[in-house]
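In order of appearance the chains are A, B, C and D, and numbering begins at 1 in each one.
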């Protein structure tokens, strides 16, 4: 081998290196911005993403299979673990579906309690978003401030249901009983504890303050605006094609809110607006959620005025047997449309339960939206989607 | 930058004002092991057992989604309440264990108990170094009974 | 905050039943049922893709896609009410919904168990890819035209289709049901008390 | 032999100052940051207010295993933290804390400070490259790009000061700021450069210094939510401690340079000459403390920018403004 050849070889090696062939960057499943165990396999050149493949399933718990071996009462306990930051909102569509199948009428007061707790769950979920989204962008203070304020909401939920994250408060035909109801105790449903309304209204004032805080800290911050405005724009047709719902869809200009559309819980007696924006970028998705917290505050204030007195539980048999039939029941979860397709064959357990979880559909747009973005924008876009991995994997 | 420097600088400074104000305020922190928060009466902390009331009917063990309740019992003959009456049998509880390593705190067992034997207690300090120690036996479950609060007053 | 005026939705038809009848007629589907406000429209397997694409013109939101395994025998859980009369089959279901009012239709297509193959929607609905991958790994249904039918949740080397009724649930088999232990019957003699059951 | 002893004492003093100032800065960041976030931060270590938390953290880090990835470029990987640390120590060597209280009084002190502070980025780049980790690599490259962009406005801001002070010695610059500007009611009034036409330069210097330090809002080389921890990803134990101490010592170092160049250094109004060597360090300390607090305050309020936005901020805004600033200062110097 002559020295000439050697030189030639090294030159060849240098020119190959200068071409910088695409690098594969494995983001996750243990990564600070993937909210748990999402994994993204990205082909990048420089900091630009050429192609991205999300890998999910690290938290797949098989809830659809598990539901087939559980009674309806046991599934209620299971479903509020799907999207754990808004546990109560997951129970509602399931219990409504079972009630539809059984033809059970729910007393008014129980419906209003469900409504109030759903909205509390919505606020608490959005507060988690308002804390984690700035964190993705590098601001750590909103995280602590919003989690501090969420504590007020969790306290209210715990006051009523006994659980902060997993209320498991809904029962077919009403709400949770105090005890089993033996010879000494009467079977009695858990009504709202004394002073609840006063504390709720006080908490709502605090929530308004935290909305103002987040406006000061995040909305008005030029760095946030520079990082998010025009980043990750989803046009409405793409959003519909990928099944985006909730704030993610409403940020794209489609004012679709099941609370207005679907006839469930007494939302029709309440005056509130559907928050929607037209930009479809990360900043709009953030603004929609902040706006929804303000609307939820409005809803809860009205609900506290409107809630009637009365019974809480319709009589249902002790052993729940659900008549055969198929029903799809959906409700507006903080993250979007949450639905259950219940196939009953007349037994104690469903024959098949399809869980339409919101984050799963919302995340399915990731390969499309992240193509051609920069790595810092990936973080901003994913943060703006507000997903929970338990909700993706089920 | 999107809105021009006229909006940018005040926006940035307002945020700094908020953090400074927060710094000067007292932090809302409960120093846990020294100061303890009192959980609400309905808090689902731990399940307590009134063994006197339990009839070993197995309802809770059957309804438990996690299969974490273990009950054993035997039947005994009970003397007739009045002479010449029918001889009845009674269930005697031998073992009642809840495995808190498995329990998911759904409260179905408390809901279904028809004899007022199970109650929620808001106590929460029973973590263990070994998972096996989380299996609370009848005696341990009975100790929790003293911590069960009265149900709270209701909103009228 | 709202940029768009919130106009109350004006449904084209009075009820979901009438709408289901109308859309069945328009799309040339095989039939429909409506129960509990849930409309099901049955579509022939070979017209699946065309029908869904046609329907998306009026129901633009692709909500989800999944399947049901109708099986006479079940390994876990409760089976169907009358197994003898059941025709073993898969049903693929896809839900489209309107974004202005409550109209929504679940489209159903029946697949035989011998040939669980159906056209893929991914050409026009990008969001269907994940749902089809899920249905593929959970039920073993093939979606012709979806090139990327790799497992979504399960490990790559997983064997079996977990949501089939013939698939056992290991968690329920490795441990005996505590509820099975009934309280022991009367012992023959009172002094000999067998504690273990 | 006397010279060696003097050098030894100087070195020990500088090392102690570097370590203590880094630890105090870490503590202030922990504590002030916590309170800004409605927390209380360190509480138990040391008995009161958690004052010993940085020491406890340091002791913990020292016990940890010093890991290096199998494919790491060993010598470079091991050397990188010391480069960063050395750069921080080097800065402290020339900053005057009093007329005679200076490690080495260089005629080209400003030049030396800027040169040695840029070395830290070399250490960062070494760490990023040698870690055999893609996140580290991206972080290292970002740091390099950031250095190239922000060294220029930094130097331009300093050039204006040098023009005004007519010297490159740091002591000289402080003395220039202590020189009597005018007499008002029988009192000699001396003003720091920030009040005599360098306010723009001070702003540019501060922004560029924060960028050089990779602090929020310019912490893209670290960016824990994007690059996990950037070039620090693979480091642990003593080497991580070195990076950590180096980073915080650099914060103090840059603040001290800024205080010297723009805020009058160790000089204070109405401070008699005779006390300058005794009170000087405290005056400087007070000024440094304010600047350090502002840097921490910003870190706990703002999010981070994107790499290309950072570049456009430097090239499209800071450098032109800094050039104009140099021109204006030079014109004034020539005309008046």
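The criterion applied here is as follows: contacts are C-beta pairs under 8 Å (C-beta built on N, C-alpha and C of every residue); 3 or more make two chains touch, one makes a residue touch a chain.
These numbers come from a predicted model, not from an experiment.
Asks: Centre-to-centre on C-alpha atoms, which chain is most distant from subunit B?
Replies: D
Asks: Between B-D and B-C, which chain pair is linked by the larger number of C-beta contacts?
Replies: It is B-C, judged by the count of C-beta pairs in contact.
Asks: Whole-Å distance, subunit B centre to subunit D centre, using C-alpha means?
Replies: Once rounded, the distance between the two centres reads 53 Å.
Asks: Could you grab the centroid distance between subunit B and subunit C? Build each centroid from C-alpha atoms only and quote it in angstrom.
Replies: Distance between chain centres: 36 Å.
Asks: So how far apart, in whole Å, are subunit C and subunit D when each is placed at the average of its C-alpha atoms?
Replies: 62
Asks: Let me have the rounded angstrom distance from the C-alpha centre of subunit A over to the C-alpha centre of subunit B, please.
Replies: Centre-to-centre distance between subunit A and subunit B: 26 Å.
Asks: Two or more other chains touching the same residue: where does that happen in subunit B?
Replies: Residues 12, 15, 18-19, 22, 28, 63 of subunit B touch two or more partner chains.
Asks: Which parts of subunit C, given as residue numbers and ranges, touch two or more other chains?
Replies: In subunit C, nothing touches at least two other chains.
Asks: What parts of subunit A, by residue number, touch at least two of the other chains?
Replies: Residues 141, 145, 148, 217, 221, 223, 226.
Asks: Make each chain a node and each touching pair an edge, then name the shape: line, ring, star, complete, other.
Replies: Contact map by chain: other.
Asks: If we use the touch criterion from the header, which chain pairs count as touching?
Replies: A-B, A-C, A-D, B-C, B-D
Asks: List the residues on subunit B that touch subunit C in their complex, please.
Replies: Touching subunit C: residues 56, 58, 61-64, 67-77, 89, 91, 94 of subunit B.
Asks: Quick one: in the complex, what on subunit A touches subunit C?
Replies: For subunit A paired with subunit C, touching residues are 56-57, 60, 62, 64-66, 68-69, 100-101, 237-238, 240-243, 245, 249, 253-256, 260-263, 273-278, 287-288, 291, 294-295, 324-328, 337, 339, 341, 343, 345-349, 351-352, 354, 356, 360-361, 364-365, 368, 393.
Asks: What does subunit A use to touch subunit B in their complex?
Replies: Interface residues on subunit A, with respect to subunit B: 70-71, 73-74, 77-78, 81, 141, 145, 148, 155, 158-163, 166, 168, 171, 176-185, 190-197, 213, 216-218, 220-223, 225-226, 229, 309, 318.
Asks: If you look only at subunit B, which of its residues touch subunit D in the complex?
Replies: It comes out as residues 12, 15-16, 18-20, 22-25, 27-29, 31.
Asks: List the residues on subunit A that touch subunit D in their complex, please.
Replies: For subunit A paired with subunit D, touching residues are 23, 25, 31-33, 47, 134-141, 143-145, 148, 217, 221, 223-224, 226-227, 374-379.
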